[in-house]
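One structure, pasted below without further comment.
When the chains are written out, they are named A, B, C and D in that same order, and each has its own residue count from 1.
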Amino acid sequence: MSPMNTRIAEQFSSREQQAFAGTFGMWVFIASELLFFAPLLFGYFYLRTHYPAACAVASRHTDFLLGTANTAVLLSSSFLMALAAQAAEARRRSRARWLLVAVAALGVAFLVIKGVEYHAEFQEQLFPGAGFRSQAPPGMELFFLLYFALTGLHALHLTVGILVCLAMAAGLRHPEPQWPSGEAVEFAGLYWHFVDLVWIFLYPLVYLVGRAGG
Amino acid sequence: MTSAQSDLELEEKGTRAGTSYLAEGYTLRSWLTTRDHKRIALLYAVSITLFFFLGGIAAALIRLELATPQGDLVSADTYNKLFTAHGVIMVWLFLIPSIPSVLGNFLMPLMIGARDLAFPRLNLASWYLYLAGGAIVLWALLAGGVDTGWTFYTPFSTMFSNSHVVLALTGVLVVGFSSILTGLNFIVTVHTMRAPGMGWFRLPLFVWANYATSLILVLATPVLAMTLVLVAIERMFQVGIFDPALGGDPLLFQHLFWFYSHPAVYIMVLPAMGVASEIIPCFARRPVFGYRFMAYAILAIAVIGFLVWGHHMFVSGQSVYAGMVFSLLSFMVAVPSAIKVFNWTATLYKGRISFGAPMLYALGFVGLFTVGGLTGLFLAALALDVHLSDTYFVVAHFHYIMVGGSVMAYLGGIHFWWPKVTGRMYSEAWGRLAAVVIFAGFNLTFFPQYLLGYAGMPRRYHSYPEEFQLLHVLSSAGAVTLAVGYLLPLGYLAWSLRYGRAAPANPWQATGLEWQTASPPPVHNFAQPPVVARGPYAYHTQ
Amino acid sequence: MSVPFYLLPADGAQSATRLDSLALCLLLLTGAVALGVLAMMIVFCVRYRASSKAARGHPPVKDLGVEIAWTLIPLLLFLGLYAWGAVDYAALYRPDPAATPVFVVAKQWMWKAEHRNGRREVGELHLPLGRPVRVVLTAQDVIHSFFVPAFRIKQDAVPGRYTAIGFTPSRAGEYQLFCAEFCGTEHAMMTGKIVVMPPSDYARWLAEGPRQPGMAERGFALFRSYGCSGCHAAGSSVHAPDLTGLLGRRVHLQDGRELTADEAYVRDSILVPRKDVVAGYEPIMPSFAGQIGEEDLLAIIEYIRESGHDQRTERP
Amino acid sequence: MERRTRPLVLTWLALLALLALSASSAWIPLGWINTAIGLAVATVKALLVALVFMRLRAGHPLLRLTALAGLATLALLFALSGADYATRSEVKAPWQQPSSVAPRLGN
């Protein structure tokens, strides 16, 4: 499966061992990353159970259309990332490179859309802190705190992902056995998909609360 | 094959394997850019020793202050900063990295027959992260200190403390990432790098213990990291989910904090159990009793340890029902701990016991851990905890586990593997003396604190009612003894580096793979990749 | 060191004695285990020291029976201890409708108390001997903890909410009150004095000294000004449940559930009346959410609690 | 379409379809069921991404175990902390945030 050109680091005795250690390490990292979101998610759970009405009001202040569009962008980027990993594995470096560029472009598009949303929310005094709108029901400010923390942390992860994609795309211009190997692209893919997974859950929790009325 | 012959052979193998890791390079650069797990372990050893003595100085000042009830040595604020510094340094900069990052780093690859950890560069990165975090914490302390206690309880830490909380939080956060990377490295290494024939039930218990510890490091530390970020945000921008004025809940912080910080206790004590499980069979010259049960008990402690954090919150305003659930689970986690103590004791039965310094430390560990563990039952019993929580009883209890347990085992491990790490023998007589002094000093320091706690002395008190003075003076006297005990190894171990007798490959006639290579080990650990054909602890009393 | 030190603090509350027995029981059990382990270790260390000639044939390496035994026996003992601790713990938190409430507010770095009739004190707390007391706590800044070693009682005071703990003083005298949760610079100086006095002295003490309208009195005024009495007063034309002595009563609900009325229930019924409708009544009560402050809610709850005491003439 | 990319394309289409389902169902007033549907759809989407894109389906069982360990730990936090919140009857007290405390950037 793995390309024959991959260098073996001195601590490993075989290619398979090295590849599996990398994949497994990436998954352990992802499990750890998931727990990084845990306090925010539990904070959200606390807020939803204690201030359901305020959460619904607050959620209706988020931008449904942009949020949904962004979800579609991110899902598509994951799809392209899966294609890129497949191409890199098959040692089709030029195809993998362009796919990675496309992934990064979608990532940037996501951040731009997110930025537009943030801007609108700043304008509407929805950014928590001293400037938060007065007369908001109790709990609403915390909803927006968690909203900005969750989406901000997600955006931070995405930014790292975009940089990794671009670095790899640059590396893929060179022929084998230059970095990155097919496995490296695969690892970047795992990370990218994880960032996507987080968003998949953020979408209903942030944008879809109380849309039907109330 | 007699041991002398095998030693000779091993020496030969060692020379054939190439230069020792210590001789690989002598420049500072060769150390600071190394990816060799053994060298990184030494980098950790030096840095955590530094922090241990820093935290120790804070402890010494605390004990000195408490010798009189009036609180006349330092001001109340200084006292609060001292115990915070002591807690933060000892927990995050010494205890959590101590055994895993020093002994674990050095020994895990050797014990499973690997050339290095799976990700050597990551390993070095985690040391640098540790150093960066430590530096930030030091900066916070030098800039004026932190007075929240190592627990950073909100809303005190977010709204009322006038000290360098955010800086300290940042330091702890960075050290947390270092822990996560170390844990990740260990998990992947144990899963993928074991030598041929090294099945899971042939792993030394030290490896099991560090593996279980790594699970906690990887799964619990990120929760702490994000919680600290939330505290920092709340402190800087006055918005946070722990703020009751906005509809938040201060107890939410406690849940999230203890979700990490209780398992963190097992991060400190599980590797210590691993060390004891190596030393005791070796010096009793017989296999460990109930190896599989020991391994399962380690995993059980790691898993159940995740379920008991609420016992720090029995009087916090948590619901009575949640208290009952957490209390029950806390009693459950005591079962595997008890199993381990019984098994160590049974390992002595029909042994051929000699009392080298490592063994004295290990026996001291078992004794002190037993006392610490049993007094934990008092705190797990709900109604009793209402009286005892936040008193000196708690202080005594966790010092028995963390200092009596972990530090004792850490020192035992340092002595046990010293010949392997440095290639030198330390002075056995001094080693034994230090072990006895530390054991005595420890008990004198902390046993009176149990009595103080039951009598109602609250913790973190800068001054106290006069009737508690006698026990406080005893405790302070013990602290002096303990300080002497901790300084002794610093002296004779350093002395041995230059004047110590050269160590053979296997001075204790131990069976682990790490003893099958030269002392100090060659750069790539083994001359030939070892093949394992039997379980650990194949000792024979005859 | 003129002050004598007592290992056991005085047992100033009924629960203290029970708790000491639990501690003693645990001490005997754990002490036996610790001594047993220690004795075995010493015996083995001496008997099987390297230089001894003791028989060492076939050292056991594993024994499933033994392992299971020393897994199950501690487990069962622990379950027993757990149950004992849990039962006593629950008793501290079970609201006793007959208990005298005392409101304690903690702030950096002092204790303030308000009694039922509005008498206030700072740094001291007077309590009646032999009567169940319920200390209701809150904090104005950070988390504090109300700790009376002589009562073996501790409860955190959390800003933004009330916590409560109950006990019955069983010995007249003066006791130390500590703050047990680290609360800042003068944490160690945040102490106070608990004075337990015979009920008659307590009643006299309550009556004299500075006071202001008590919680319940304020609650009664609010009960009328918010219009609660319009429906809930006896003889009202609207079919609404009588609230006299509601706290602690079992309540049957419309949907078949049954619960004990506590502060949270009354609070919910005022803010979200449709949540728990009492059997036999129409859900006609309007919600008061957003119209009534938390302090007022507490006062009304206190009035409702007091109304029960009036009926049973249990005033001290 | 290549044989190997076919499952990826199908998964992508399924994800977009699920997104449409999730987005549209949110506008039907169903009360708490809205959230349940949202989370259920998210779970299906997450499974698709994990099993197909992240190759968990074909991967080593250890990888699935790792993912489950992360989820189980998260579930522990929710279950046990949630147990406290579910059984706590909290009486709110009036509390004013001290206005004198100014933002303290930097320490």
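Heads up, the rule we're going with is that a residue touches a chain if its C-beta (ideal position, glycine included) is under 8 Å from a C-beta of that chain, and two chains touch if they have at least 3 such contacts.
Remember, predicted model here, so these are calculated numbers, not experimental data.
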| remark: Dominant interface by pair count is B-C
| said: I'd like to verify one number: the distance from the centre of chain B to the centre of chain C, where each centre is the average of its C-alpha atoms, in whole angstrom. | reply: 36
| note | CA centroids of chain A and chain D: separation to the nearest Å works out as 13
| field | Rounded Å distance, chain A centre to chain C centre (Cα mean) | value | 47
| request: List, in ascending order, every residue of chain B touching at least 2 other chains. | output: 159-160, 191, 219-220, 223, 237-238, 244-245, 249, 251-252, 255-256, 317, 320
| task | Mark out which residues of chain C touch at least two other chains, giving numbers and ranges. | result | 141, 159-161
| message | Can you list every residue of chain D that touches 2 or more other chains, as numbers and ranges? | response | 62, 69-70, 73, 77, 81, 85, 89, 95, 98, 103
| query | Can you name every pair of chains that touch? | reply | A-B, A-D, B-C, B-D, C-D
| request: Using the touch rule from the top, collect the residues of chain D that touch chain B in their complex. | output: 62, 69-70, 73, 76-77, 80-81, 83-89, 95-98, 101, 103-107
| remark: chain C residues touching chain D in their complex are 138, 140-141, 159-162, 262-265, 267, 293-295, 297-298
| Which residues of chain B touch chain A in their complex? | 109, 114-120, 180, 183-185, 187-188, 191-193, 218-223, 225-227, 230, 233, 237-241, 246-249, 252, 255-256, 524, 529
| Hey, which residues of chain A end up touching chain B in the complex? | 9-13, 17, 20-21, 24-25, 28-29, 31-33, 35-40, 42-43, 46-47, 50-51, 54, 128-130, 132, 138-139, 141-142, 145-146, 149
| message | For a test of understanding, state which residues of chain B touch chain C in their complex under the given definition. | response | 71, 76-77, 80, 147-149, 151, 153, 155-156, 159-161, 244-245, 249-251, 284-287, 289-293, 314-317, 320, 323-324, 327-328, 331-332, 334-335, 338-339, 341-343, 345-346, 348-355, 363, 366-367, 370-371, 374-375, 377-378, 380-387, 389-391, 451, 454-456, 458-471, 541-542
